[in-house]
Amino acid sequence: MAIVRADNLSKAFRVADKQPGLGGTLRHFVQRRWRTVDAVREVSFAIEPGERVGFLGPNGAGKTTTLKMLSGLIHPSGGRAEVAGFEPRRRQRRFLEAITLVMGQKQQLLWDLPPLDSLLLNAAVYGLDDGEARRRIAELAEMLELGPELTRPVRKLSLGERMKAELMAALLHRPQVLFLDEPTLGLDINAQVRVREFLEAYNRRHGATLLLTSHYMADITALCPRVLLIHQGRLFHDGSLEELASRLAPCREVRLELRDPVPAETLAAFGEVQQLQGRQVRLLIPRGQLTGQVARLLAELAVEDLEVRDPPIEDLIGQVFREGEVRAGAMT
Amino acid sequence: MGRYLKTLRRFWGTALASQTEYQANLLFDLLAMGGNLAGSLFMIGLFFQGGRGLGGWTWPEALVVLGIYTLLDGVSSTLLRPNLSRIVTQVQEGTLDFVLLKPIDSQFWLSTRTFALGGLPEIGAGLLLMAWAARAAGARPSLAVVAAAVVLLGTSLTILYSLWFVLATTSIWFVKTWNATEVLRATLTAGRYPVTAYPQTLRVLFTVVIPVAFLTTVPAEAVLGRPSWPWLLGGAGMAVLFFALSRAFWQLALRFHTSASS
Amino acid sequence: MRRVARLARVARVLLATQYAHMLEYRAEIALWALSGLVPLLMMSLWIHQADMGVAPSGGGAASGAELGAAIGGLSRVELARYFISAFIVRQFTVAWVVFAFEEDALQGRLSPMLLQPLHPLWRYLTSHLAEQATRLPFVAGLAGIFLLLVPWAAWWPAPGRLLLAVLATVLAFAVNFLVQCLIAVLCFWSERASALERLHTLAMLFLSGLMAPLELFPPAVRQAAQWTPFPWIIHFPARLLAGAELDAAAGFAALAAWLALLLPLTLLLWRAGVRRYAAMGS
């Protein structure tokens, strides 16, 4: 049974339209103009317990809004959400104890005090007894390689140490479902890798479900066998990264190094010529014809070197987003 | 219940730990408190010049009212202002979300999260003045009188809290509410004096619309050993009404917050 | 002359932008004006107290100006006019330099301000003036409402008196502004300037005549209070506006003396403070 389910989940909200300046203020005062923004439009998906799912999309695509709807912070304007058997918007105690939301750009730790104080506070809020709280703190500290940092004021910690402590505060109550919004934001590569490894270890140890957004493609490729791609509020892809790549790019790229230069007309018979520089050639060949065409290339031309690869996933996604809704609509 | 008590202990433990500058501020807190008390006593003294009473109250009786006012002011500085002024910041910075995600009543969290040591001397001074003045006025504390006084002081604090909380809650819509709280504070200074010292129209206003009478005068009557059932019931009714209002208003604000934000 | 012309132009531009800025906060300022209603609460207390003196048995026998109720030599008409005047004078003498300065220092706006070829105190002064201009209609409205509640006290001061009262209010504002600047400047040395401001507010509340006209103070206290700037900031202009009998020359002399003392002191301390600030390199 799915632990996170969204059925036609939608969020539209009204924003006031105000022109700048005194005139605009007065006009706004007399006659308010509203504009409806569709942040999320009829998004549906289901996530099984223990899955690690990446949430992709450009800024303003509706990722954070969806996470907030799933954690009960904002009410959907249409559709339904169900998390751990609860309806998030009702914010029942048992539901809140079953989830957590990590927000990379906000912090809940008390700035002037050591993280340990915030952790013990959370333990009290979640009704953990002291012994259990200390056991869990020790376990998480070991997994995150935190030690003396826990008794140092938060303001004296590095960004990476702070994020690890934030994760401890968010996971102390051992939630089944983790919503993570940019958990690696602003961290250096090393710290990013640590956080990533920790999340995977936590997922394995407790069978927790992960749904995370990130600006860093590496987070997603390393951590998430499954991705949801959202664009302009709509779900655009639900599946593995490889499937996404093949959907976005029906062709693969073949790079050739020839012994002697060959005219473009000859090469055009094998595929679409992207680049021809002396003996260096880049060809695009449809996936279905790939093996046949490569065999022909090797047989008919004097090939010194041949390499087949996918165009980089980030470029592909970026390309989709630039081309906009027309194509997005065509593909769903 | 146990969870709430334990949480409260942690709340105030961390609040205490983060108040490092306490000693340096103590002198100023004491000076401000002394000055405020001296000024208030002086003003009440002016009303009694030439052998006049104040709204039918004798000098020590009026001081019981001032004692209770000082106590309430101390509670405001200790608990109400430090907590409720934070709501605005939490709305602005978006950290209110963390509070809403906790499996604990959000109004409880926002109202008790921290406290300021600076207001404690004022609470002490208010209690002392109240007790001393009641004695000087010849009040004999029987068990019934003490019980009534405690109940009415409780209702007074509840009403004060609810007024503050409702006003602080409006920051969900307006963000800037500092001046609105100033208006509330200015209005509540009316509670320095017994409500009978005001002309008829203000007396009605302070009893029915802005319950200033229930904040100081009514509990003072009880402390002085003249509690009456109508006032006791009226005070309790007001407290229940205002507290329910504050909770309903917070729910309304939350509904707005959860449907309007993105 | 060129210098004066430049200053005038700067002042005009500053005032215009600050006024536009303040207009954005008009709701805030209206509420703030409303929070100055303490003198009006005190008015009702004192008038009621005067009435009680006439009919000590109580019972609401006294209502209306013709009864001739009085306290400490002040009739209820005089009391009403005094407190309404005090309310108005208070509205136009409020200063908030300490808070603005603290905020600027905290937000790091202070250093760029010190780089500009304009004394930062000018900036605060113009924003105060702009705020008062925004406040004007609300104060007029509130004063009108309160006069409706005590219609028997309505009065219109003689033109000469009105002019003197306006002048006294302007000077009183200057004194209060400078006192606040002095406290703000102490921020350069101590982080407790705002705690000091709390004490200043208290002294202002009880000694300026906001809660009771100084005529009702015991003579010794009154004399002591007159050695502080506070009665001259509220009590003196309010009495002028209310049309009471008083020694106007003495009042203006006191205001001038305080200005003569505070202005050089504030500027000197400011210069020393800026030097210290620059030396700390923060």
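For this structure, a couple of remarks:
Letters A, B and C mark the chains as written, and numbering starts fresh at 1 in each.
The rule is short, and it goes like this: a residue touches a chain if its C-beta (ideal position, glycine included) is under 8 Å from a C-beta of that chain, and two chains touch if they have at least 3 such contacts.
What you see is a predicted model, and the numbers here were worked out from it, not measured in a lab.
Comparing per-chain C-alpha centres with the mean over every protein C-alpha atom, the closest match is chain B. Farthest chain from chain C (centres taken as the mean of C-alpha atoms): A. Centre-to-centre separation between chain B and chain C, using Cα means, comes to 28 Å. If you average the Cα atoms of chain A and of chain C, the two centres end up 57 Å apart. Chain A and chain B have Cα centroids separated by 48 Å. Residues 28-29, 31-32, 34-38, 41, 44-45, 47-49, 52-53, 56, 58, 60, 71-72, 192, 195-196, 198-199, 202-203, 205-206, 211-212, 216-218, 221 of chain C are the ones that touch chain B when the two sit in their complex. Here chain A touches chain B in the complex through residues 11, 13-14, 37, 39, 64-65, 68, 71-75, 77, 89, 91, 93-94, 96-97, 99-101, 103, 106-108, 110, 112-113, 117-118, 120-121, 124-127, going by the rule given at the top.
Interface residues of chain B, counted against chain C in their complex, comprise 24-25, 28, 31-32, 35-36, 39, 42-43, 46-47, 49-50, 52-56, 176, 178-180, 182-183, 185-187, 189-190, 193, 197-200, 202. Every residue of chain B that touches chain A in the complex is listed here, in rising order: 2-3, 6-7, 9-11, 13-14, 17-18, 20, 93-95, 97-98, 100-104, 255, 258-262.
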